[in-house]
Amino acid sequence: MKDSNIVKNICTLTVLVREKKPLIHHLTNYVTVNDCANIVLASGASPIMADDLAEVEEMVTMASALVLNIGTLNQRTVESMMAAGKKANELGIPVVLDPVGAGATVLRTSTCRLLLENIKLAVMRGNVSEIKAVGGFEATTKGVDVSQQDLLNSKDLDYGRKIVQTLSKKFGCIVAMTGEVDLISDGTKTYSIYNGHPMLSSITGTGCMCSSLIGAYCGITSDYLLAALSGVMVMGLAGEKAYQQTWEANGGNGTFRIKLIDAVSLLTGEDIKVRGRIGAE
Amino acid sequence: MKDSNIVKNICTLTVLVREKKPLIHHLTNYVTVNDCANIVLASGASPIMADDLAEVEEMVTMASALVLNIGTLNQRTVESMMAAGKKANELGIPVVLDPVGAGATVLRTSTCRLLLENIKLAVMRGNVSEIKAVGGFEATTKGVDVSQQDLLNSKDLDYGRKIVQTLSKKFGCIVAMTGEVDLISDGTKTYSIYNGHPMLSSITGTGCMCSSLIGAYCGITSDYLLAALSGVMVMGLAGEKAYQQTWEANGGNGTFRIKLIDAVSLLTGEDIKVRGRIGAE
Amino acid sequence: MKDSNIVKNICTLTVLVREKKPLIHHLTNYVTVNDCANIVLASGASPIMADDLAEVEEMVTMASALVLNIGTLNQRTVESMMAAGKKANELGIPVVLDPVGAGATVLRTSTCRLLLENIKLAVMRGNVSEIKAVGGFEATTKGVDVSQQDLLNSKDLDYGRKIVQTLSKKFGCIVAMTGEVDLISDGTKTYSIYNGHPMLSSITGTGCMCSSLIGAYCGITSDYLLAALSGVMVMGLAGEKAYQQTWEANGGNGTFRIKLIDAVSLLTGEDIKVRGRIGAE
């Protein structure tokens, strides 16, 4: 369950981001936006949130990556997302899409498809229900959390791998489907990341934060597969450490949220080398 | 000051919610939305925030309860609240209203009345100033905090009980007026909850979070009085525990906020049995 | 590096605010709004966030100060800012402007200038890049963080002092330019505050929070220079204390954010007397 070369490259990327401090432009939801900004800062990158149509194209021009998150989408912001995404494509700036709640409403699913038809993505990251919904697989999204029926257990992993591989080819971007095991594919090779902790689903925003981390790493490399693997692994490792520290402190969900940001800001290359668990199929 | 049967029922409800994980749809403000999402998760329920007119009716269809919070209302979101509320009524999904800042501006007071005229509520929860303003009693709202003049002391409790009972009958819903002593009425019976701590008013969002908790419990019972009592008591008990832990840690407002979410996520039936303080008049 | 009289006056103001609890109306961004509300409460004042055109004028009438923060400005909220600011001017209520990201986009720079042309400010607070951009000095804003080129080191302090003094005269308001050394001028006298810690730039919102604190102090004095000095010094002292406690707890960015709010809520006059470092030129 160890792919040494990949782990080494993830280490390098997570160190480099602290030096390069790329600017990551977000059009995101108002629920988890503060957590997204703080996790990007904790990774070493620099966040900027701006969503007015009159400035998003200018703002993205300065950015090293663009994160589109439809968590609390509305007519005004979807229009801005389209404009920002197209501008990013024009300039070769990588775009990450988080299809929050896709499948839950027609608006969310159709907005994701609209974005996918008009904007070339670097990475799409969602939970199993969301990714299946966007891809046209039968899904049972309930709100923004993965549905019980869609949870992948180890038996279903092969089916999950087929999904991310198929959709990666279809959409021409990296697809990251996060859950108990995280599956990430570039259409050819599919990786499984075994880091993380169930407590990550006990607070809001860990999915959004993971997408923002992927955005941060996309800001310093054109190897978007590596960027996606890095974001997902960093989130998983931070979740493990935060859980341990929360448990030691007899803490609950509030403490976990703080320790999670702590863990990302304190993460070292050594942590990744020792605890990173990744396999390739 | 102990109504054993009620306390037992509150215990049952707070345990059941963790098993049923009801989806609680929010149209709420952007100041405390993250805290509301995290407190709902801490209670065991699942939050979804969505406010675009194009999706709120579809979203509420999936939900077990709807929370309307006017903390940062605007023309667009009020329209969405109306649509979501009406759809919830049509489907028999309980609606909780938090009239944040009612009385402070004409817009807030009139929006609350508009919602009350068009939507049948399960529960309305506010502070003394807000509840009085919505009900047409003379109030002196200052911003979103209860005014000094409106603070109920023990002498005024009978007056407070009359207010919640009158308004409960008038609006045909449970009315919860939270403060030093929390008063909750279904128009016939009126309960007083003596839990809580003054430090709850030292951070933003504790009122909003209380309304969201009530929404979480409304999602699994048709006894909305019990749901309101549960939400108010859980918030009060969490406030007491958070204060104690903050004090022990020499912490301030920041620590208190974290410990509050911790306390809700770690709350047990035993805590409620031992520390819950409620009386009926 | 000690101006005893000023330090004594800052002490008085930070104690008085807890007694007077002024209401501070904010039109601000959705990224750091919760932190702004909580820091205002930690200072002893009371925050209200409201941005709909239909209520901002009425709301500001009740307030003791108005904070305008363009962090996630859009067409709708800029219109509301104009209305609220003009009403505040009419009533003699002090207005604080935080020109977040000025210089990064035409929209931000031109909005700041529009606000400056139409609204008489009490205080403008920004980082070096933002203040230079608003003032028409050559700046190199990158997102919302100060650019490397714009960082003032001790050699450049005289240049920085010239900027704040010139702009204070030009705009007829106190100008506070925060950074490694904070420079605050009323056009005649220019103060330097040497408190603070680099970790303040490792989380989002510390600039916004500083502006909100200045708003809180403006709410109880007509000496806006003193209010600006107080807000900047309290933020700096809180940053120092939060860093120390984060370090002792082996914490990271998440812990620092919590300790920062703690530090403001627990700050005493004694802390200010002992650790406040200010000089006048």
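For clarity, chains are labelled A, B and C in written order, and residue numbers in each chain start from 1.
Just so we're on the same page, a contact is a pair of C-beta atoms (placed from the backbone, for glycine too) under 8 Å apart; a residue touches a chain by one contact, two chains touch by 3 or more.
Values in this document were obtained by computation on a predicted structure and should not be read as measured data.
**Q** Rounded to the nearest 5 degrees, what is the angle of the rotation that puts chain B onto chain C, matching CA atoms?
**A** 120
**Q** Could you check if the interface between copies chain A and chain C is built from the same residues on both sides, meaning over half shared, or from different ones?
**A** different
**Q** Taking the mean of the CA coordinates per chain, how far is chain A from chain C in Å?
**A** 33
**Q** Two or more other chains in contact with one residue: find those residues in chain B.
**A** Counting only residues that touch two or more other chains, chain B contributes 30, 34, 257-258.
**Q** What residues on chain A touch chain C, complex-wise?
**A** Per the touch definition, chain A meets chain C at residues 23, 25, 30, 33-34, 37-38, 41-42, 46-52, 54-55, 58-59, 62-63, 76, 257-266.
**Q** Going by the contact rule set out above, which residues of chain C touch chain A in the complex?
**A** 29-32, 34-35, 71-75, 101, 104-108, 142-145, 202-205, 251-255, 257-258
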